[in-house]
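In the two complexes that follow, chain A is the common piece, with chain B as its partner first and chain C second.
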Partner chain A sequence: MEERLYRSASGAPIALRPRQHSASCRELAVRCPRLQLRSLSAVTSAVWLAAYGLFVLSENSMVLSAAIFITLIGLIIYLHFVKIDQESLLVIGSLGIQVTSSYASGKESTTFIEMGQVKDVVINEAIHMQKVIYYLCILLQDPGDPQGVSDIVPLFQSSKPRLDCLIEVYKSCQEILEQRKTAPQPSGIK
Partner chain B sequence: MDGDCGVLWGKVSPWPLGTGDNGVPWGKLHPWLLGMGDNGVPRGQRGLMGKAKSPPFGDRGQQGPMRRTGSHENNGVPRGKVSPWPLGQGTAGSREDKGIRWGAASTGAHGPPGGWARRSLSAGPAGPRRPSPSPAEGAGRAAGEQRCWVYHCSRVAAMVKQYVSEVQRVTKVNVSVLGSWSNSKQEKEESLSEFLEDLGTIFSHEPWIQISKEGNSKFWSCSTLQKHSNNPKEEEIILVYYDQRKVMLSHLHPPLDTAASTDRKADDASKLSAIFDTVAKSKVLFMTDRYDDGPIKLTHWQSDGVEASIIVELLKQASVPACMLLTFLLSVISGICRSRVLKFWPLSFLWSKLSTCEQLGYRLQHLQVISSNKKAQNESQLMRKANIFVSLLIDVALGILLMSWLYRKNRIGHLADTLIPVADNVAEELQDLLQWLMGAPAGLKMNRALDQVLGRFFLYHIHLWISYIHLMSPFIEMILWYVGLSACLGLTMALCILSDIIALLTFHIYCFYVYGARLYCLKIYGLSSLWRLFRGKKWNVLRQRVDSCSYDLDQLFIGTLLFTILLFLLPTTALYYLVFTLLRLLVVIVQGLIHLLVDLIDSLPLYSIILRLCRSYRLAAGVKFRVLEQQDGKPLRLLMQINPLSYSSVVQTYRLPTYSCYPKDSWTSLCKKLFLGELIYPWKHKGEKQD
Partner chain C sequence: MAAGGPAGGAHSVCMVSDFFYPNMGGVESHVYQLSQCLIERGHKVLVVTHAYGHRKGIRYLTNGLKVYYLPLKVMYNQSTATTLFHSLPLLRYIFVRERVTIVHAHSSFSAMAHDALFHAKTMGLRTVFTDHSLFGFADVSSVLTNKLLTVSLCDTNHIICVSYTSKENTVLRAALDPRIVSVIPNAVDPTDFTPDPSRRDDGIITIVVVSRLVYRKGIDLLSGIIPELCQKYPELHFLVGGEGPKRIVLEEVRERYQLHDRVRLLGALEHQDVRNVLVQGHIFLNTSLTEAFCMAIVEAASCGLQVVSTRVGGIPEVLPENLIILCEPSVKSLCDGLEKAIAQLRSGTIPSPETVHNKVKTFYTWRNVAERTEKVYDRVADEVVLPMDERLGRLMSHCGPVTGYIFALFAVLNFLFLAFLRWMTPDSIIDVAIDATGPKGAWTKQYFWGKKGRVKELPSSKNAQMKRKEHNSH
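Entry: the complex of A and B
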């Protein structure tokens, strides 16, 4: 239940909070770095200085009101659509895996993947910009081919934890996924 | 004793989640809990899906297998209420005594909707509405109880089995009795639990689920009985709460890429759709309420009477004659449209060129769809009809708004007054342009003779056009006034008329473009052919290739002469062609933007968007889970909510098909056509023959 501090791929501090609700249900939440006040102030000052410069050149006060408007709208759009506050993974043994991203404005976007579609949860390597990073992903089963993978769903894309954090999440998930492998096959009650 | 108990029943779903005969896999069984207490489970909020989901059902009696009249013995199927009370009570024929209770009074408490049948009342003064039995009666009951246990069990089992089979027949859902529940306000009663276990031995279902709750706690405990299995391992049990009404009304949308899936894939790929399907099929059971005469009282969100709006009912009644009237009118109109008179050549050509007629035909088609008598077969057809209806309504409303704005303060008169001066202005600008071309445009030196010929030809054309416009000017205002009235047919119609008016007013530009393009095209072909002659080659039409050819001397001489003439006249023609093509493209762009707007209004699924905004649970992309308050030792509690579809998927799924298609030429072929001087028709409507 306690929070553990890690670092993201770009060096920002993130926190992992694992919770165990029951024997087959675990929730792993990664909290992303918050919006920094200094970056917000820097952007706002830059926009307003530019607007003031335009105002001095054009003598039109609409420029200033437009700048305020743009700043407000831009901030709202950023908080509601771009800035992710927390990403969490809820693994329920016999049900499925649920991936939730909560944005800074409180909006939550959720995806639930049924256990029948989940083949495995693995850590992959990727080349991202100039770095090689590790990321956790869910492999989806291809219905036609038992060995095939139809799709992959990458997790924690916004917080991008480093390998140590990913290993812990991976171990947690695998403990629960193993339970479904050891359980006997379902009977044919239809 | 206090508290309720009952039988769990439901459908066994094919959603095995990794567990087999041991324990109860989540989703494998859909127990319907019949009569849950209301402790901890708020009314109308959740349904307990103890290991699966199933709404309770009951049916209206008129339509279902339940018979309302008669004593409980003849009724047969106790609607989910199993009480350990001896039979023989309540045969007086009073409503209260009928059916389930068998002498027990109902608590009258309303359990949470969503899967709860009414509480079956066990003995004792438990609820507000029950008549409180006297102590003597209570004692008598207790005595009778001991005696009648065995009798009850088999009798109860028989009645329940009969009921279950009737339910299966009505809803076509494969139901069976899965277990029992009990909710006692005080400590566990031995007799009650014995009774429930006896029931378990009669119904052979593997595994037999028993859930119970004590006191005022909101945590249920669940246990399973394995009678014939050899593996005693205890499986984990998960309780999932969900809002039954929302799941029943919602429609699950499969992901778009798996839309074309095989049966096998659909079968085991999504158990969620099986759940939604089962709940939706049981819709008929939600139509009963506690005012129905019958042995069983159900509790769900409609227990206090089926919710309905009188306005909706009135509209439904009024829609039938309205639809019939509309169908009749439409058949008359389409009969007129299809008459032979309108099919003669000049008129048919005109109809095909005017976009107003296309739009009119499109809207007539829509009206035919919504006024048809057939009910919508499935969800997508219903949504389509609703989208068309709302789109038409909004269109007509906006059109009437526009019309009222135009006709107020005689704005349409002002518009007509400014139309002629605008046309004159355009003609004058064109004349200036031609004078500029006839001089030395952009410093280029033109061939004076050809320049003069072309310039004078076009100037005369403009002169004819202006005279024509002036001839029409007294009638413009009247024509415009009447044409403006057609805006009441919809905003799209008004926009189409605007586009057609622009096309008519700029007809001379179109003519110029055609003249210039044809001249230029001829010149280019002539040049290419003479260039081949110049090099001693020829185009072989039979073989579709360039072959060498020996020309005579006089052929070569004339050919070279002509080639030179054409080559030096090329800049002049090319310039005229360029100018008029640019003008034409400008007009085409303006018309194209108007058509884009019309297309947008036509194809936007407004009803679906409003539904997504206001009743987002109706359009489900999936589900989402939330972990509720836990208690050690009790099963895991989860809340299942509906995850609504995103707006972009809503628009993509429910878009209405329109008649126009976008430019079929790619940019390269368009440029090629422009270079060669071929006429371009950037927008072609579906169904038009290729030119």
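Entry: the complex of A and C
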């Protein structure tokens, strides 16, 4: 389906791709910008230049090989544990919500929240890194208290979409959550 | 909603103070009540303060009053540290996303208020400052604070003081043009402070003291008064509410003169309990050594008590002469005043609590305060904000050769920092916050007062945002 372009809270372009699998199953994927060759080469050359400067001062060639290893290992760690390419939210009305983040290396980490635990999906405000941003989060039902919220799961933590994008996602989620409320007892497995 | 809305158009006001709930005190309740009445009059109001323990992030109070608890370090006495710069990124973000037009800072003890004024002027916003306290001129700390106040207020659009004494004091301290200083007294909520003569024991005479037990409130005078009067009048009881470092002085007095059954120390009082303490007494005693506007005596008079107070600061302006007995701040004079009050009480020449309450009720109301503050906002909205070059000129000509140049340099640096921030995150990528209050407020009365069916129809995104936020990342 068609992608819609938005911006993140820091101004980077992001794309939202909604996918309708069925009436009560919907996937919302937010794609962050890919790693830019420009920033990669900038960081690499900065590290290597620093290493070369040290080498000139200390005349020890170990510095140069260490710099190469540091950039390589750093890049692997960055791609594998830090850089997230896509964050997606799969909402299935009768089952639950699955949150997936795909790292640049291809690694995926997935959390699943059962529908019974989901109290609501809301947009909230938070102070984050000298900024006040809106974010989407799942409120978890407190098992002891039907009115209470036991925990909050923030969504799209890496891409941080702006409010217009969040409202879009929020509306899709609410449509499915509304269906659950109107038909609370699913009539068995199809 | 006030009929027809505010006359001069709705303002988007940002109240900034280090002091706000859950901290308790005069400034805190002033900011809260004023905000509530301005919301009622159709303005958009938000409060910015620093984080109190776990209470950080964004919260909503009654009627959609939005409060930002910013994670800034607290230095001393609940006041944040000031570097003049570190709070700019967050404050600028808030001013932009909330489309603030007027920044209203409170209390000269609050570093955050001064920071906000400084940043607001750099950003070209209108500024109003309310001073809640009186200062001296003689000691080193006063000289320093006064200098800072001069710098902070020399280019502020308008200043509000709580009494004429306070105005005089502020004008002198900050070398201001008296024309830009208005006097708007504090108010009390008269429905909170109603008399209840059945609660008091008429067999004895009870003197109530409710104040923080600190030097400024004259607790040392109180410790001299208690034994003297207790010896003279065997049916006299004291009821002291409040907590503070001087409590030990009162405990010593109680111990030495064996007055455990006649002097009760209640410790810290919640605001809602103050009335229950006040109505148990016949006479209210205020021993403050300095006071810009004494809320406590208005509250006491509203509860129908005979007030005895020191004649300091703005106190003589607060109540008419037939409701208050004024004394010099000395043990002897206060004892004379109290004896006079006791004599009046015995002879029954004191007006009944009901009549006193009905009289005081009309004096100070928050709606009146809000109305007058609104006029200040209207006036300020028509004024121009000083452009940078004039601001620098004002700083240099107004604040002395050394301080003036230093702060002019700071103002330039602040401007450069702001330009840098604008380049990093342009205003266009800052999301405009959804208004909770004001003309486009999502938190209007129909949400709660409308029919139940109607509440369900509303887009729940709005409701969702009103949920108290618990999560805060930083």
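What we mean here is this: the second predicted complex is superposed on the first by the 183 of 190 C-alpha atoms of A that agree within 3 Å, B and C clash if a C-alpha of one lies under 4 Å from a C-alpha of the other, contacts with A are read in each partner's own complex, and residues count from 1 in each chain.
As a convention for this text, contacts are C-beta pairs under 8 Å (C-beta built on N, C-alpha and C of every residue); 3 or more make two chains touch, one makes a residue touch a chain.
Only a predicted model underlies this, so the values are computations on that prediction, with no experimental measurement involved.
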{"item": "When chain B and chain C are modelled together on chain A, clash or fit", "value": "fit"}
{"item": "Which superposed partner A:T44 touches (first chain B, second chain C, both, neither)", "value": "neither"}
{"item": "Touched partner set for A:A126, first chain B, second chain C, both or neither", "value": "second"}
{"item": "Chain B versus chain C as contact partner of A:T111, first or second or both or neither", "value": "first"}
{"item": "Which of chain B and chain C A:R180 touches, first, second, both or neither", "value": "first"}
{"item": "Which superposed partner A:I152 touches (first chain B, second chain C, both, neither)", "value": "second"}
{"item": "Distance in angstrom between the closest Cα atoms of chain C and chain B, superposition on A", "value": "18"}
{"item": "Chain A residues contacted in one complex by chain B, in the other by chain C", "value": "none"}
{"item": "Chain C contact footprint on chain A (complex, rising order)", "value": "7, 9-11, 120, 122-134, 137, 139, 149, 152, 154, 162-163, 167, 170-171, 174"}
{"item": "In the complex with chain A, residue positions of chain C that touch it", "value": "56-58, 68, 70-71, 89-90, 93-94, 97, 425-426, 429, 431, 433, 460-461, 464-465, 467, 469-474"}
{"item": "Complex interface listing, chain A residues touching chain B", "value": "21-25, 27, 90, 92-95, 98, 100, 110-112, 114-117, 143-144, 179-181, 183-187, 189-190"}
{"item": "Contact set on chain B toward chain A in their complex", "value": "12, 14, 16-22, 25-28, 174, 231, 235-236, 238, 261, 264-265, 268-272, 622-625, 627, 630, 635-636, 638, 643"}
